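Have a look at the structure below before the remarks.
Note that the chains take the letters A, B, C and D in the order they are written out, and that residue 1 is the start of every chain.
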Amino acid sequence: MATVALNTKDRIANRIAKELKDGDLVNLGIGLPTKVGNFLPEGVEVMLQSENGYIGIGPVTEVDPDLVNAGGQPAGMVTGAAMFDSFMSFNLIRGGHVDATVLGALQVDQNGNLANWMVPGKMVPGMGGAMDLVVGAKKVIIGMEHAAKDGSPKILKQCNLPLTGKQVVDMIVTELAVFTCTDKGLVLEEISEDTDLQTVREKTEADYIVSKNLKKF
Amino acid sequence: MEKVISMEELPQYYSDGMSVMVGGFMGVGQPIEIVKNMVEKQVKDLTLICNDTAVPDLGVGTLVVNKQLKKAIVSHIGTNPETGKQMIAEELDVELVPQGSLAERIRAGGAGLGGVLTPTGVGTVVEEGKVKMNVEGKEYILETPLRADVALLKAHKADKAGNLVYRLTGRNFNPMMALAADMVIAEVEELVEVGELEPDEIMTPGVLVDKIVVCGKGE
Amino acid sequence: MATVALNTKDRIANRIAKELKDGDLVNLGIGLPTKVGNFLPEGVEVMLQSENGYIGIGPVTEVDPDLVNAGGQPAGMVTGAAMFDSFMSFNLIRGGHVDATVLGALQVDQNGNLANWMVPGKMVPGMGGAMDLVVGAKKVIIGMEHAAKDGSPKILKQCNLPLTGKQVVDMIVTELAVFTCTDKGLVLEEISEDTDLQTVREKTEADYIVSKNLKKF
Amino acid sequence: MEKVISMEELPQYYSDGMSVMVGGFMGVGQPIEIVKNMVEKQVKDLTLICNDTAVPDLGVGTLVVNKQLKKAIVSHIGTNPETGKQMIAEELDVELVPQGSLAERIRAGGAGLGGVLTPTGVGTVVEEGKVKMNVEGKEYILETPLRADVALLKAHKADKAGNLVYRLTGRNFNPMMALAADMVIAEVEELVEVGELEPDEIMTPGVLVDKIVVCGKGE
């Protein structure tokens, strides 16, 4: 495979894809997280779950008005896909049957708290299935750009936006860094090849430990 | 016990101020034609229970734009800016419910339960004003039942006894809503004779469905 | 239809059948209650529900190992029958979607309490679906012989066997009498053609009011 | 990720003292061949979660007769006199659960809930030792989740990815149990290729099923 320069979002998606294991049931949020499906390592096949009631999201081959993804966009299905109702969909999500979910974030903090569903007075899209996903999925991976558009940090000591879930995040992946959320707090596990510890430190408000085995990605 | 009615007979089941569950997820699996009829008839002060408020020009989204709602109990309003606008202007009372908890509350309402304990929303604004309980060391929120005066479903096929079959992601909230309203009306694409649906293929038993309106595939 | 003398159980079933309305969803217990289906008045069609997961019990036309009733016996299905799982079955039962259930009893009392699932130290079959049926069905009709085999009364001031449900019975039909359970207590609504008030009084321990419109059946 | 295994490979998933959910209602929709294998292998001290204990010579009934159970969590034991006998002799701990509450508890266990509030059993021995709550003037019992180490299901058809289809009253408790155990094994009559089952026809998604044993129609 020829090496091509990836844009920021693709780089994040590409790194997250390495966290998924063959056979996993995975729920990808709208936006950046959806891209993760494009970067699965060879030999890794995952089944994608959609909140609106199916397992086996696939490429769109023809538009079927009865087949959309959780964003309401035309979707396809893979061979072996299974359909069900919203009730069963959340039995799966809340019951720990989803191995990993990848979601975007407005803010994450060093306690693993996540805020991604509203900005009071400005934007209230609603939580949709996100609050269920973060308490139910075995692994909650946040994929987002490291800082907000105005440069302000998104990885904070404490979220100040309304939470989606409390102590729910397992991993944060940005274009600069990979953090895991542990009992001891955030651990910086990896930094990207074109950054350095100093830059990450400057762009991150949260306290974190630098892993002894810090890697580059 | 004739269940099949025409769109013209439908308005007798509408009343201003009623609560109404509407199946569908972003308009898919939604009884679009019945909703159009409700817009036409200007039924008002509705309490809508639905997954979302769709988009401004589709399904329940048009009820929002047309200011026919008093309250919306939904999990998502982001795709219909009009909902947020009316909410901020305090013209519309919006109760945002996590999608899984919405499904649970509707099912609890339809199944005679007093509620369910869910971990969803613990530590968030969702828990405000709700009973919390600790079961075996884990915190849960008690989510209470939802019912409505009328449920409006969308099915792919119905037989004349009201047995329903949904198609692909058109299923979503429809089967649960069939349990949780005093009057259940289904918009269907295709009507078949009783016996044409396999017993194992039926997704909503006909006893739950009061009325059927045959609308074809819609637009 | 020629009039034929009915035996005790058939007479009870015949009387109960008149309580069912066209279009009702009905759950009939094992034993005597099952017979109610044989006596439906002309023009009354009901759908019978089975706890193990279907609506539309019908006559057995051929034995299918996958099709049994709630007693585990071979069953049939009518045209338009619908199958589902046990979870959905009890959504229907508990959620008030069953219009009437007919059950047998060991004891019923004047407060509408029912005991029909165990005799301590002697017989503990278990409650099966009975406890759900009595709280969920819109109308709970008890069909039983008026007295126990040893002649002791079964309609009591107070049940002394473990209860199936508290204040759940709506109507009691025996070969001698029909009682309704009301806020004011039991009301004797009908007595059978071949008995009299004195006999019913002697065989009934419970207090009851005799209806001003007492009828014969 | 090969899911299809032979009966000979099955005993690696057994262990003395394990809890096991077994689908079926009076033996119908029950994995009879797997249960036979468990009898043969003399797995013991089992906690059985099942609708009933069937009859002495069928399915889980034989586990009772063969004294392989330590505890049974069931709604009905009347058709297997051996269960009552062992219970009275205090050789077997029997927890009788109303059938609807049993379905709820298994679903709660499989769906990550802390429990459900049900009116079933209020005012009876079933409420003893349980939390009771009043919601809007009505009394409810809190029924808590059930899970098991292993769930043994019976399906009519499976594809190689584990997607299952049940037939008629063989469905019963199977779909709920598929959610509520750490290891889910299905005995199936017929195995088909992935893609041969319609997405809308599948009753249990394959992701829930770990292993499949193909046994034909049994005896």
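Before moving on, here are some points about what is shown:
Just so we're on the same page, a contact is a pair of C-beta atoms (placed from the backbone, for glycine too) under 8 Å apart; a residue touches a chain by one contact, two chains touch by 3 or more.
All of these numbers come straight from a predicted model, not from anything done at the bench.
Here the CA centre of chain B is 35 Å from the CA centre of chain C. A separation of 29 Å divides the Cα centre of chain C from that of chain D. Remark: chain B and chain D have CA centroids separated by 32 Å (rounded to whole angstrom).
Across the assembly, chain B contributes residues 104, 107, 112-113, 118-119, 166-168, 171, 199-200 that each touch 2 or more other chains.
Along chain C, residues 54, 83-84, 90, 94, 135-136 each make contact with two or more other chains. If you sketch which chains touch which, the pattern fits none of the simple shapes: not an open path, not a single ring, not a star, and not all-to-all. Inter-chain contacts occur between A-B, A-D, B-C, B-D, C-D. The touching residues of chain D, when paired with chain A in their complex, are 1, 107, 110-113, 159, 161, 163, 179-180, 194-195, 199-200, 202, 205-208. For chain D in complex with chain C, the residues that touch the partner chain are 25-29, 51-52, 55, 74-79, 84, 87-88, 94, 96, 98-101, 103-104, 107, 118-126, 156, 166-176, 203, 217.
Contact residues of chain B toward chain D in the complex are 104, 108, 112-119, 131, 133, 135-136, 138, 140, 142, 144, 165-168, 171, 199-201.
Listed in rising order, the residues of chain A touching chain B in the complex are 50-54, 64-68, 70-72, 75, 83-87, 89-90, 93-94, 113, 121, 123-132, 135-136, 162-167. Taken together, the chain C residues at the contact with chain B in this complex read 22-23, 25, 47, 54-56, 77, 79-84, 90-92, 94-97, 135-136.
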